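Quick one: the structure is below, and I'll ask about it shortly.
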Amino acid sequence: MGGVLFSDKAFLFLLNIDGFDRYEYVKNFEQPDNLIPNTWIVVRIDGRGFHKFSDKYGFEKPNDARALDLMNAAAMEVVRGLPDLIIAYGVSDEYSFVFHRSSQLFERRSSKLVSTLVSTFTAHYIYKWSTFFPSRPLEPGFLPTFDGRAVQYPSVRNLRDYMSWRQADCHINNLYNTTFWNMIQRGGMSNTDAERELQGTVSSDKNEILFSRFGINYNNEPEMYKKGSVYELLPPKDTKDQTAAEEQTQEAETGAEGETKELSNTQAAKLRKLQKKANVVVKYVDVIRDEFWDRRPWILSNQPGKLPSES
Amino acid sequence: MGGVLFSDKAFLFLLNIDGFDRYEYVKNFEQPDNLIPNTWIVVRIDGRGFHKFSDKYGFEKPNDARALDLMNAAAMEVVRGLPDLIIAYGVSDEYSFVFHRSSQLFERRSSKLVSTLVSTFTAHYIYKWSTFFPSRPLEPGFLPTFDGRAVQYPSVRNLRDYMSWRQADCHINNLYNTTFWNMIQRGGMSNTDAERELQGTVSSDKNEILFSRFGINYNNEPEMYKKGSVYELLPPKDTKDQTAAEEQTQEAETGAEGETKELSNTQAAKLRKLQKKANVVVKYVDVIRDEFWDRRPWILSNQPGKLPSES
Amino acid sequence: MGGVLFSDKAFLFLLNIDGFDRYEYVKNFEQPDNLIPNTWIVVRIDGRGFHKFSDKYGFEKPNDARALDLMNAAAMEVVRGLPDLIIAYGVSDEYSFVFHRSSQLFERRSSKLVSTLVSTFTAHYIYKWSTFFPSRPLEPGFLPTFDGRAVQYPSVRNLRDYMSWRQADCHINNLYNTTFWNMIQRGGMSNTDAERELQGTVSSDKNEILFSRFGINYNNEPEMYKKGSVYELLPPKDTKDQTAAEEQTQEAETGAEGETKELSNTQAAKLRKLQKKANVVVKYVDVIRDEFWDRRPWILSNQPGKLPSES
Amino acid sequence: MGGVLFSDKAFLFLLNIDGFDRYEYVKNFEQPDNLIPNTWIVVRIDGRGFHKFSDKYGFEKPNDARALDLMNAAAMEVVRGLPDLIIAYGVSDEYSFVFHRSSQLFERRSSKLVSTLVSTFTAHYIYKWSTFFPSRPLEPGFLPTFDGRAVQYPSVRNLRDYMSWRQADCHINNLYNTTFWNMIQRGGMSNTDAERELQGTVSSDKNEILFSRFGINYNNEPEMYKKGSVYELLPPKDTKDQTAAEEQTQEAETGAEGETKELSNTQAAKLRKLQKKANVVVKYVDVIRDEFWDRRPWILSNQPGKLPSES
């Protein structure tokens, strides 16, 4: 070791290091968590403790447009930043991201998919916070955080039912919350009284309360509140790109059941490029009815360049 | 539905909603991912694309003290914010957090543990960025993100070997990097030449290069670079708390093999309180040798109040 | 405890028993292994050490009809004995059993499905052994055993490709083995010489060897050897049952993508009854081509009573 | 293809086969199910529908010695036939087999371990049936079958508690059943009346009923019924083997926490040989108390040749 003088301590330390190989076995405790091939992967993230969080930063009730817009802005970055995401749906403090069943991202490892997505979403949410809440700076003891999980759906029907489930949930919660907060804010009721009156009511009862007491036609409430937010990747507008996309589409034509053929590397690279050019847009639309899916064949085909016959 | 007029579209939408129950079955696709009881849980997080990220923001080579301090600052918030973390170890852009094997946090659900921890770390890393890099504001296209995974270790030996593995890795990488960057920055070599010369060398060769060419005794390099950063929870200084902690310790005495008895709710609440008071400190010490563990019996006993006989 | 006298030992034993509750926690270490809903479940079982086993009991090469018939006989009992099996495919010492994707058998627990199926198959294989090998009684040191595993397939295409994979494997192995053993048994070659000559040959080469040297047209070899064995459940012949089945079919009609609606208990009971009446038959047919599946719509619909329009 | 004439059908079939490679992707749907390293693996098997099965073949109530002896005989073959099993415990129609935590059998794949063990047990149970029930031949519609599952225990305490749980269960059930069947068989009560009277009773009540009504001191009941059956591997009697075993023991010395060092291939082979020579004996003893484990250090050390200081 030449002229270098080592203290006893450092020497012992180095001796230990010589045994480096004997520690490496601990890697064997890492268990694989790859999802099954050919399933639709939904990663849903949820705000942690957002009830308290929304109080802390004074979110408006029942909906705070700034907070929802911020959720959408963060989701947009996720959709743009990660490949194979075909659609995303957000409501309140939750967001669902759907990877196409052909996705091989991170070898479909569940932890890697979930943690990457949650981290990316968190990063953008915090970075953009001041744009949407310029007068309410974040405080270190009250930072927004999210958790997440991945769920696999084997069929298009299961996936669509998942989307319908979240949108139906959105509708039910929003109708309840809209009624509840009007009863309190404009009707002057206490939380307890409002809660008690709403117990056991059905949709038509709540519509009636809103209309008769507050002159509110629920049907005219903002679409974002009623429907939630849907991200989709529009086909590129450029004619050249469109043609390229259609060619890709034909080459990569999928089987009768929508099975994904393995794309060649060249095809994959071209498609990725088209995806980058695709317009990511948020809409407040009904995802339950067939019409939504029929008019957007590129969602399930994972071919953002494929234009529907009319749209 | 009283006087409320619904458009056809809204009506159809509501009709769909009436079928809400038929979507709920999609919850059954969520598969449980609870970790086995009584294993030590390590959640390791890694910076995503930090090679590129560190170039973008001009991190110093081979170590950037600001970047490491920022990692430590974010880790500190994680350790303070989540219960049952008994030790944490960071090196470069990775950090390992260890939950005590008795932890029931989130019912030991892997996705929930990993995503929560990754999100919390990301949040604080971004929030604190400007403190450590005041002159390099983050840019939206280059936000720092992290991924993570949970690994279970059945025995103390396995856990300690995991910690040793990471610290040995730290040493080996740091010695290599220190030599490599000195050869380039001070020796004027090209990356390729330095790489070629270092190929196949052992530790003593690198020590020799550092000493003979650059007068550097590796042993005198900063401890944080050589050893990595270790977070531990010190016992509370307050005598009253200390006594309380020792009483808890006796009540919660574990079995011959360190098995965890279920704590009563009261006991758990008291321990939690003590944990909050515990000092979280970062040190740059050897975690491979027995001495570290022998002098910190509270780490494995999960009783931060239990003072060692002498320290 | 009245007049009963207990020895010290028994007393201590009973004292321990009083602590019964404190052992029950060990149940929490059992981890759920339920398969995802709505996937096709294939349980494939394989003979353990059947190379040695077939030598021990003098199986004929390259195929032993008695051994294959015994495999089929054991498989028949599995198909008859367990619900929701829609098709089974056997070749050599392996058998694949397919549960319909709507199956809820054992709550779709993987261990339970696999172990039950393997145990049932083993039981019948041993019980029927003497019928197929009357002059070769089993010896205790050489009992036949099987292992197994469950695999999930999300789509019909994946399931059909699995079946095609096994049948293609059957073909390739049988062509090889038929050629190899003819070269040895009739051509008088050594194992090593035959192996060397066959190395690198394609199908047409082997066909040529069989034809030119041994006058064998591979096409005329027994179908069971070339195609493997397919179990299917035929629709009931009885007109009354058939009508009942068709009614069930209409009630339980599946969605556009063949999604399974939850059957009412009554419907499920009726279907189960029809399944019991269904004829389980083994055939040696091509399962790769569409024709097989087109003519047997009841396989994928899990409605054994549903007659195809023409067959 | 030389002179071989193929029918169209065969030709099409072969064409499909040429596409063999395109089916192989279905192997990717097989998910790994390896258990974590260094955990104690318990595989518990249970008779399927043994209530009905025992009625069918006229098992005596509350215990049938022939049936229990048959279970033990089948278990003996499992213990002899599979490596790394350190202890087995049987009661009624269930049996638990424990693999040493160092076992690498089948790469610790759960399905493979469970299905192999269940199949082996089933095979021997059926094969030996006629020895234990010479006058009750098995009938094909009523063959005995078993299911099974694997559970991991991280610590010796957890494993011992598992064993204690099963034995406590054995005691509780046997005391109940002994009392119940005496009330019916000798007391002339109806099932319903006996059940009603026993509801809510504790151990001492049942002991009192047995003693006062039927003159039975439960303590004198057969040990096999009260304690269940324990298989253990005794150290070899041969002095030479014993010395060899002790040498192995020293070479393979385990760490402070009983960590398993990787054995060299030679060491593993020697140990395997010693295991084969070990006497497998069944006993009806208390596994709850420390004494059992203290006197059999070879169980947990997985070194059957290591003699305890005194036994």
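In this document, chain identifiers A, B, C and D correspond to the written order of the chains, with residue numbering beginning at 1 in each.
The rule is short, and it goes like this: a residue touches a chain if its C-beta (ideal position, glycine included) is under 8 Å from a C-beta of that chain, and two chains touch if they have at least 3 such contacts.
Which protein is which chain? UniProt says A, B, C, D = tRNA(His) guanylyltransferase.
Bear in mind the structure is a predicted one, so any value in this text is a computation, not a measurement.
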Touching subunit B and also subunit C, the following chains: A, D
Of A-D and B-D, pair with higher C-beta contact tally: B-D
Farthest chain (mean CA position) relative to subunit A: D
Cα-centroid distance, subunit B relative to subunit D, in whole angstrom: 41
Subunit C-subunit D separation of Cα centroids, rounded to whole Å: 26
Approximate Å spacing (C-alpha centroids) for the pair subunit A, subunit D: 47
Multi-chain contact sites of subunit D, meaning residues that touch two or more partners: 25, 29, 31, 36-38, 152, 158
Partner subunit B, residues of subunit C touching it in the complex: 25, 28-29, 31-32, 34, 36-38, 262
Subunit D-facing residues of subunit B, complex: 36-39, 101, 152, 154-158, 255-257, 259
For the subunit C and subunit D complex, residues of the former touching the latter: 1-7, 9-10, 12-14, 16-17, 19-20, 22-27, 29-31, 33, 45, 48, 77, 110-112, 114-116, 118-120, 122-124, 126-128, 138, 140, 143-153, 158, 161-162, 164-165, 168-169, 171-172, 203-204, 207-208, 210-212, 217-219, 286, 288-289
